[in-house]
Structure formats: structure tokens, C-alpha cells
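Going in written order, the chains are labelled A, B, C, D, E and F, and every chain counts its residues from 1.
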Amino acid sequence: MATVTLVSDAEAEADPRVRAIFADIRATRGSDFINNFWRGLAHDPALLERTWTSLKAVMGPGTLDPLTKELVYIAVSIANGCPYCIHSHTAAARAKGLTSAQHGEFLAVVGMANQTNALVTGMQIPVDSAFQVGKSP
Amino acid sequence: MATVTLVSDAEAEADPRVRAIFADIRATRGSDFINNFWRGLAHDPALLERTWTSLKAVMGPGTLDPLTKELVYIAVSIANGCPYCIHSHTAAARAKGLTSAQHGEFLAVVGMANQTNALVTGMQIPVDSAFQVGKSP
Amino acid sequence: MATVTLVSDAEAEADPRVRAIFADIRATRGSDFINNFWRGLAHDPALLERTWTSLKAVMGPGTLDPLTKELVYIAVSIANGCPYCIHSHTAAARAKGLTSAQHGEFLAVVGMANQTNALVTGMQIPVDSAFQVGKSP
Amino acid sequence: MATVTLVSDAEAEADPRVRAIFADIRATRGSDFINNFWRGLAHDPALLERTWTSLKAVMGPGTLDPLTKELVYIAVSIANGCPYCIHSHTAAARAKGLTSAQHGEFLAVVGMANQTNALVTGMQIPVDSAFQVGKSP
Amino acid sequence: MATVTLVSDAEAEADPRVRAIFADIRATRGSDFINNFWRGLAHDPALLERTWTSLKAVMGPGTLDPLTKELVYIAVSIANGCPYCIHSHTAAARAKGLTSAQHGEFLAVVGMANQTNALVTGMQIPVDSAFQVGKSP
Amino acid sequence: MATVTLVSDAEAEADPRVRAIFADIRATRGSDFINNFWRGLAHDPALLERTWTSLKAVMGPGTLDPLTKELVYIAVSIANGCPYCIHSHTAAARAKGLTSAQHGEFLAVVGMANQTNALVTGMQIPVDSAFQVGKSP
């Protein structure tokens, strides 16, 4: 059940841009598996290309460790209620070493954040001046 | 501007439960500063107590490092659009060592997650069976 | 700060539909006060009319008591992060008798719901068959 | 799986208001098909009537073209994470001429908006005075 | 389909904290049935314990009636798009006496709140000073 | 009030990537004005560059008209509750010809979508098979 069909490997071969991105996904991940997200996006080669290129840059080596980035990704996906994203990034986090104990602790933080977000919003608490960093020019 | 008043130190002194929690917040943080969130919650001593006790447990020592937890907290707060929460936990993350470069990288992950969440949701992509861990009993 | 101007009483007089709705709001509430929301909507008399008529029907006498309806309204407004809506409906709930103790208990329920929503979503818990009422035809 | 049953044509015949609305839906759309949403709402004839009447007015002829309205509808449905709404309005948009290329471009805009929304919210950027149109009276 | 397995009764017996909480859920509800949510949480005994203890306190006797609390819980769950939560708390509300007419009226309030939230947010209506209760200290 | 400072023109001059992007924003828009969003992002030149490049491609000429794209952008921003985004893209839509009547009609569609999204979600309506386009491979 989806609003688009999922592009098969045979269809991907027919478009040079899709073929190149699928090949780069496989090479980057060291796996032949292309998950459904990319097969849906492949209907729009420019969007596929832009999304993969950005994702690869953002989730690649940097100043935050890879597991932290996955946890941030899952936290956003939970708040947005995206089942696919939660499943795929939880699998990715496990592949990067997330233990069951860490997963429970992560869920506790996400639950706590949602709870206090709601309490703050319900009370419309004004921001303490101590927390304000930037000012308008 | 708020939907409740903010409980002053003098008012806090008048309720033993509020007094005890305010004292524990100060002792735990090693600072005399009590931010507005707790001053709003203090109208309901039971809620104040439960929230602080849970938060202290969840954000305390565990299997994830403190900065990672703050980033997860901010990610949720951004997705929920809670200005107070974003300000207070970004300040907390900075106090725990978040650099400007890490903050930028974190924002990039949050932005990317929101983008791909929307793309997945718009296409209603079915979850790959490879990502499914648990099954109903 | 807004994306539309707020229609003054003098401007409202100039459009028969806006004049009639403003008069009905005043008569229904027994107060001369017209809050900013209606002044913003008045740029589109059809939208103003439709919104007021629906709101009056939905929030009017029925099978749920008026205070319960206001609490449901605030709960949605908190989840959607709408400061104006939270302020106006918390004021309305207070006018309908909401006590400070009830407000605290209400916030606790809202906070709890947001927390468990996030936990459920993060774990992607399948719905127990015991909870399923309706089936597709 | 639903929290209400779906009202059948036979059941709809038994209530004059439901019968009239179902007839109007069929006449307006020139099709015998009544989708599940209306069958769920039909348990509350007043709500069914109010919702259909408003939807017919809002989505009917006006100053925006019908396809633009459907795209706005889908964009909201994606942000709210409503699978039914995304499926039904994407089907409606296709029936109004949405091409596959336009769908891809639309998804790219939705993805971009979600990304920059998150970046802005994470940085808590103050609104430029150039963007402020209305002022409080 | 889930991101965790669901803990069986046999597995629950093996951990004293999980066993105690499962026993308390059964005793409190007067039913042998443990729904999937608690079986998912049971992987993290501390989180299970904290969540159940808080939920029991928050949803227990207080100044708001039990059905009102369930409706607030469902309203939040709808706004957050949590199918499991909507199903389980709608079932709970029905068990506490929610009639079909009340359910329809409740849905109408939730729908109306979401509509006016969006209108207010789209117009960025400033909060009337009459609605402002608390001020920063 | 923000979580980052806003980069001034003088600071922008000091980084070649920021300088180039600011110059391209000015050239593309034919205006010297750089709004606060880009000044916040400029702390992370790579993120600034990626975001501007993608935005320029997505919002540039394509198969959807520019005003439709702005309306989709605002719809998402309303659903996400991003005041800055609503202000800036409503201003952009006005600059592209959005009339007051169209703005009202647009808001009515957004309000209607949020309302029916909530009704559908509250009833957990199953997707009609007629609306299902894509299938898993």
C-alpha cells in the first residue's frame, strides 16, 4: 500500500541517473540491498539524487558519532510519527551497535522530552533570559 | 505571558514538597538557579515531584552519554515546536560541551530526518521486511 | 505580529456578513469583547461565518459537559503547539470553572499521553485485537 | 481496524440526514462510490452534514484552482501523518490531472519545507521585520 | 511488526521487577489481560516501572472524572497520530461509559480544535491581553 | 531570542563559502536583503550551501507554478507550527501575486484538511482499496 509504485532493479537500469545512485548506495553500504524508500524516490531522478547526496553527506563522518546521529534521526521520526523511518533507522542504529539497554534508555529520554514539551507548552512558560544566546542584529 | 504564574522562592518555601524538590534541583545541579519550568509546575506539587524525579533518573548516568541524551531531547523539542524546550536544552547541551560545529551537524541531521520523514510519508512507503524485528505474539 | 491585519469594529460594520457574525458572537457570549481570532478571520466573510457557525454548534449544549470540551480543545492545542489557542481556551476553561488543581491534573494527563504516545510509537507496538472495534466492510 | 464501524448503504437509508448527504456526495461527484471516511462519520449525522457541507464549499470553485487545493490538502496530511488522507487526496489529485513529474516536484517542496521548518525551529530564528504584515490593534 | 519483541508471561516471570509490575497491572485492572504496550516496555524494567507508576497515579482518582481524562488522552493521541494509543484509549473510554453520541461529539470538538488551531497559526494571531494570566517574575 | 547568533555581512565576508552563497542569494532574488534564516545557517557553511542549493532547485522553474509551491510550503509550515516560516513564505506568496481572497481560500483549505485529518485519525478509518496505487514488489 503506497501512493507510488516501487521502482525495480530492471526499471532503475533504464535511467542513467537512477542507475548511478543505486550503484552508489550499494557501494557506500557494501550491500546489494536497496530499501523501499529509494525505490519510491526513483520516480524523480533529480529528487533521488539530491536526497541521497545530502543524506550521505549529513550521515557521513563528522564531529558527532554515527550512533548519536541515528538516535537523533529516530527521535525526530518518532515525533513525526513515521513508522517506516522508525523501523529503518532503528535497524540502522542496531547495526551500528545500539544495545537493548541503550534502546530502552533512548526511549525513556524521548518519552520524557515529549512529556515535558507538553507541560511547558500547556503552561506557555516564558524562556528564562539565561537560556537566550543569540539576539537579533 | 503564560497560562500560570511562576512560583517564587518565597511561595515555594510554604509547601514542604515544593521546598524539597527545589532544594534537590539546586543540589543536583550545583547552582542556585531554578528555571521557569519548575516554577510553573510547582502549582501542582505531585506533578512537580513526579516530573523532577523521572527527569533526574532518565537524564542521569546510564548507557548513553549525557550529550547524546541532550541532543535527542532537543531533536524531539524541535519536532514538537517547543521554543522553551529548545532554548533550555540547547543551553544544557552547550554546558555539556556541544561545540558550534557539532550543533551545525546536529541541525543538519534533524533537518534531513524531517525531510525524509515527509518524503516517506507522502509516498506511504511500505516497511521492508528486513527492518521488522518484533512480531506480535 | 501576524500575517493579516485585525479587522476593527468600524471595518466590520462595512460588511453585512461580518457585522451579523460579530453581533451573534456578542449576543451568544453576552459580552462586547471580540477576540483577535475573529478579527483576523473577518477578511474572508464566508470563512468567518462557517467557522463561527460550526464552533457554536460543536461547543454548544450536547452530551458532553462544557468544561470537558474545553479541556479536549486545550489538549489538541497543546499537541499542535498553538500558543494563541492554549491561552484563549485555558481562559475559557477557567471561566467555566476549571480550578487550579484540575488544571494541574489535566496537564499531568496531557504530559502522560504525550509520553506514552512516544514510547508506543518508538516501539511500533501492534494494536491488540481486543482494542479493535470496527472492521472494513 | 478502526474505532467505529463503517455505515453500510442499508444503514444509511434508515436515517434521513445520512441518506440525503450520501445522495449529495454521489450527485456532486457523479459516482456511486462512497469512501470509508463518510461511512465512519455517518454515526453522527450532524457531524457528517457539517463536514460534507463545509468540504463541498471549501473545495468547490473559487480563486484557487482545484489541483492546487488538493496539493495543499496532501501537504497538510503528510505533515499530520494521516495515511488515509494522503491516499485519498493523492488519488483525487491524480483524478484532477496531477502528473508523475508534478507529484515528484510536489514531494520535493514538501520535503524541503519540513527540512527548513526544522532548521528554523532549531535555531529559533527571529522573524525579520520585513515579513511582518499585521500588527495588534 | 514492531521494533522490539513483546515480552511473554514466561519471560516476565524471570525478572522480579517486571513480574511485580505485571501483577500490579492485573490487580489494579481486575483482569488477567496485559496489553502489548506493557509487553514492549518490559525490556527495560526501570522504564516499565516508572511509566506504570506514573500512569496509575495520573489516571487514578482526582479532581477530574475518569472519562474526561480518557477523552483528553485520546485527543492528544489523535493529534500525535498514534494508532495504538487511539485504539486502546477509545476502548478504555467505552469501558468507562462513553456512548456513541458522546464519541461523535468528542470527535467534532477534536476536529474543530484542529481546524481553528490551523487558522490561528496560519494568520499568526497575537494573543489578546485578556487571555494572559501569568507574567514573568 | 535565538539559539545561535545571526551572521553579519562583515562576518560573512570572512568565509569564502558563506560569501559566495550570500552573493548567489542576492543575485537570484535581485535584492540586497538577506533574511535571518540564512544568517543563522551561515555558522555551518556546508549546511548553508546544501540548503540554499536544494531550495533554489526545488523552488525554481518546474512543472508546478511558483505560487502553488509557496502555498504548499506555507501549508507544511502551519502544520509544523513554525512562525518564522509562515511569515516568510506568506510574504513570498504575496510577492508572487497571492491576493487576499486567495489567502482566505487557502486558509480555509488548510483548516479543512486539519479537521478531516483529525476525524479520520480519531476513527482510524481503513484506506479504501480504490485509493491504493502502489504495491510492494
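Note that a residue touches a chain if its C-beta (ideal position, glycine included) is under 8 Å from a C-beta of that chain, and two chains touch if they have at least 3 such contacts.
Everything numeric in this text was worked out from a predicted model, so none of it was measured.
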item: Matching chain pair for C-E (criterion: over half of the contact pairs shared, by residue number), options C-F, A-B or B-F; value: A-B
item: Interface with more contacting C-beta pairs, comparing B-D to A-D; value: B-D
item: Centre distance in Å when chain D and chain E are each reduced to the mean of their C-alpha atoms; value: 27
item: CA centroid of chain D to CA centroid of chain F, Å; value: 20
item: Shared-contact residues (touching 2 or more other chains) in chain E; value: 1-4, 6, 36, 40, 46-47, 50-51, 54, 76, 78-83, 86-87, 90, 101, 105-108, 110-119, 121-124, 126-127, 132-134, 136
item: Partner chain F, residues of chain E touching it in the complex; value: 74, 78-79, 81, 83, 86-87, 106-107, 110-119, 121-124
item: Interface residues, chain B side, partner chain F - complex; value: 81, 86-87, 90, 100-101, 103-105, 107-108, 111, 118, 123-124, 126
item: Residues of chain D defined as touching chain F within the complex; value: 1-4, 6, 33, 35-37, 40-41, 47, 51, 54-55, 58-59, 62-64, 68-69, 71-73, 75-80, 82-85, 87-88, 90-91, 94, 99, 101-102, 105-106, 108-128, 130-133
item: Touching residues on chain D, where the partner in the complex is chain C; value: 1-6, 8, 36, 39-40, 46, 50, 54, 57, 127, 132-137
item: Parts of chain D lying in touch with chain E, wherever the complex brings them together; value: 1, 3-4, 43-44, 46-47, 50-51, 76, 80-82, 134, 136
